[in-house]
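Naming follows writing order (A, B, C and D), and every chain is counted from residue 1.
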Amino acid sequence: MKKLINDPFEFVDETIEGLLLAYPNHFERCEGSDRALKRADGPVEGKVGIVTGGGSGHIPVFLGYVGPGLLDAVSIGNVFSSPSPDDMLAATKAADSGAGVLHLYGNYSGDKMNFGMAAEMAEMEGIEVQTSLVADDVVSAPVAERDSRRAVAGLMFAYKVAGARADEGASLAEVKEAADLAIFNTRSMGVALSSCTIPAAGEPTFEIADDEMELGMGIHGEPGLRRTKIMSADEVVDEIIANILPDLPFEEGDEVAVLVNGLGATPPEELFIMYRRVVHRLDEAGITIRQRYIGEYATSMEMAGASVSLMKLEGDLPRLLDAPAYSPLLPQWPK
Amino acid sequence: MEKLSASDVIAFLRMLADEMPTHKERLRELDAEIGDGDLGVTIAIGMKAIRDGLPELEGDEPGVILARSGMNFNREAASTFGAIFATALMSAGKHVRGKAEIEVEDLPGMIEAAASGVSARGGARPGEKTILDVLLPMAETLEREVAEGSSLPEAARAAHETCLEALEKTKEMEAKHGRGGWLKEKSVGVQDPGSTAICLMVDCFARFVSGGDQS
Amino acid sequence: MKKLINDPFEFVDETIEGLLLAYPNHFERCEGSDRALKRADGPVEGKVGIVTGGGSGHIPVFLGYVGPGLLDAVSIGNVFSSPSPDDMLAATKAADSGAGVLHLYGNYSGDKMNFGMAAEMAEMEGIEVQTSLVADDVVSAPVAERDSRRAVAGLMFAYKVAGARADEGASLAEVKEAADLAIFNTRSMGVALSSCTIPAAGEPTFEIADDEMELGMGIHGEPGLRRTKIMSADEVVDEIIANILPDLPFEEGDEVAVLVNGLGATPPEELFIMYRRVVHRLDEAGITIRQRYIGEYATSMEMAGASVSLMKLEGDLPRLLDAPAYSPLLPQWPK
Amino acid sequence: MEKLSASDVIAFLRMLADEMPTHKERLRELDAEIGDGDLGVTIAIGMKAIRDGLPELEGDEPGVILARSGMNFNREAASTFGAIFATALMSAGKHVRGKAEIEVEDLPGMIEAAASGVSARGGARPGEKTILDVLLPMAETLEREVAEGSSLPEAARAAHETCLEALEKTKEMEAKHGRGGWLKEKSVGVQDPGSTAICLMVDCFARFVSGGDQS
């Protein structure tokens, strides 16, 4: 296990300790929980609160999206496991200033069940809660079963858009509407070249030969579309684009935002090589790129691989993408 | 052993919490094949949480001990399995609310209650490669055993045998829930990791009520 | 080779192509060179130009530090190899608005020889050139031979400080003075857990067993202090701190900036675990952390590992660190 | 072959550019041991640059062809080796400025010029595990060969033998320059990668002037 860690069972708590030591003006613990963090300056009076959460091991997802113009609080699970309902409830309370709270997270059964319990408890305590689930990975289920798809890096678009909308003073229903539009308009697909290792498990999650890759793998190492010999960057992008475009569909004349996301070990150089090909392909398809994000926005520990996400820009989305937002765990927003 | 007092339940949970983490690697492997490989860690952390919570439950009634232990598991090791397992223990615990002892006659109803709680929580139906697929057959077996007048150890051992057979059958099922659900037909051939964990627990229970480690 | 690339000999040029497609308002090619980039809005009238350069494979080093408040132009070599004097000259010309140019780069012999030739040529063309060399890696030579030390992630401090000073309208001598103070006050040491692979070489640069790490390794895989069994994050930090503190020395009462830098494959979670320990150690030593940077500021392709850099804050350094600066390839500046 | 005309120099450089990349892996390995592993790639790219530049040099005199080829190498494959090698070729080329043919008598001076150019560029002195440690012994050998009236092929083969012996001696040297310099005593035992490349080139030259591949 090639890791710079101490006791693997302390991995998450030591990460949080380091984070709080690093950014004491940005993050604070939520009352009554060791596994929930909030904006140090929150809750913001009158603003709809946005809460996310999920397993650890994906920084900047999830906690790296807490900040002005983004999310208000986050609950933190063990590596690749859901946070507990108690932590989610603590985050929900910490995010609520009376305007209600949006639970915005990835479509994973553990998170859904636990957030479901937390939402019930929050409502019993008088907090209005709505839920939006990100489900952007096109290979995880056919488009007819979109509701069962899993979330990958497309989370970023949903967070950015919902956070900006809440910042504008929108109501809970309006924030959810913006998040849902971002979610509906986003499609992603990835490729994995090597496994990650859950620290406390001690073994790589999957085996993969030196000359193999897996197309469509999820960000926890969930099996994907197919295992193949390593393909070139251009071939990989071509196959991803071929899967993504017809799914929404993205069509000639559309404007999109593009996210080329690194899963961890893949260097930025390779993401630029991939982005290059994305531009060529979208040019051919008559699709205009209005904004692009290239870097690590959702990782899987030290997994090598990358994903491409497209969000079709409609209505408020361009404005909300460009709105100011800050978190010390994110790349600088491209201008 | 013919009945489980509150302190018996605590003793059983302590034995379970000591034993289950030894299966961490096996459960990790199964979950890595059709999921994300965290089930072994989840069981290890969750069982430790159950154990750490037991002293505080001293003096509570059996049903409360079970329900609270389920919540303790999911507080420290929340996950799909955590939520499902907590729901199962809470439902089973509720079924024996107010009772000072658990008798063999209570078992079928407890497992049925667990199954319907799980089904309500996660929306699974039989045949979808979840722990329902071992809970429901066990409930049937236990009902038959009780009707036939079996002792608690006899009933528990019969339940464990049924559980193993049912677990074997999960291999042929196509997962519809959780991470396995994304695999569709590719999930066929691997036994359900969560059901495997349940079988290991039932085995532990059968040995506990038989008064010793006879596995 | 677990890489998302096409022809390995096109690696650098395709990276640049992707970068230019991504940020056309930020980067432009320098006249007469395919391997030199400048700020699209440069040269800035009256401002001292700052030029860097070096081998590819370290993003955001080197090209990711071009931008407002940072550097003006960069020359780009093959992976881990120096740029050519022609490219350096092109960058130097593109950075010059008449106020002279600082060549600010890492202390590597290839870069030094080639930059040396470029500086000669630039001077023949009437451009005043000064040079500052970053040499922060404490294990590469004893302190008495500081001039022969190599550069690692401490480059970031020198870039940030020099860029901010130039932005203030300082003269070439003043910009060099600020850069030299940052360089003199910076000490770094790293650890590598796995090798990187130069794409065109096709083989990992070094072999390292699954349970081994190398303390003090350079960012190109140059052998370090010693090979050991994997140590815990806390032990690694303790050894790094023990090597760094006496070297300057950093002493009780000092104020410092800390950089915990990921080399590539090491996830952010582990950097926070390390930062936690850095805080504990510096607390004990009575050293105050005024600013901290945690993330990927200088990488080695997909190498797993991390480094810790400290810069003692004196004179203008705190002000210059906090000055505004922007590049889409950097993490957001911590507030 | 007794003299090298401009077109001979071009033919030699073409042969060199074809051959050297076949040693990429060996040079990568050596450089990875005491450096950063890029020398093989540098040679492959630089030699291709020399080859691609040859058509444009058609019609130039031998010294210019050498000097320009050195610059072409370092333009595409700049590096420590690139700068050093370009300097060496430029210095050697300057030494035969104005001459239409290179004769055996020119060789000692060319190699001496290369050595002093390299020393001026990189500050290395003999015994510091750099290409100086093969250049200087070769210059001596060539001087002796010329004094003894050897033919060009004889002199070239003698130079190659000296080069190999000198290369062997670099193993025992402690590097003081470049990346090897950070290794100090740990650099002992490995032969100098850059000098290895030079020896391979001299071998190629000896075979070229001997009129065929006799290696």
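As a working rule, contacts are C-beta pairs under 8 Å (C-beta built on N, C-alpha and C of every residue); 3 or more make two chains touch, one makes a residue touch a chain.
Small disclaimer: the values here were computed from a predicted structure and weren't measured.
Touching chain A and chain B together: no chain.
Placing every chain at the mean of its C-alpha atoms, the farthest one from chain C is found to be B.
Chain centres here are Cα averages; for chain B and chain C they lie 54 Å apart.
One finds 29 Å separating the Cα centroids of chain A and chain C. Centre to centre, using the average C-alpha position, chain B and chain D are separated by 74 Å. Interchain contacts link the chains end to end along an open line, per the touch definition above. Across the whole structure, chains are in contact as follows: A-B, A-C, C-D.
Every residue of chain C that touches chain D in the complex is listed here, in rising order: 9, 55, 77-87, 108-110, 113-114, 117, 140-141, 148, 150, 198, 200-201, 203, 205-206, 218, 220-223. Those residues of chain B whose C-beta lies close enough to touch chain A in the complex are 24-25, 28, 32, 34-38, 40-42, 44-45, 74-84, 121-122, 177-179, 181-183, 186. On the chain A side of its complex with chain C, the touching residues are 1-6, 11-12, 14-19, 21-23, 25-26, 56-57, 59-60, 64, 191, 193-194, 210, 230, 232-234, 236, 264-276, 279, 292, 294-296, 299, 301-302, 304-306, 326-335.
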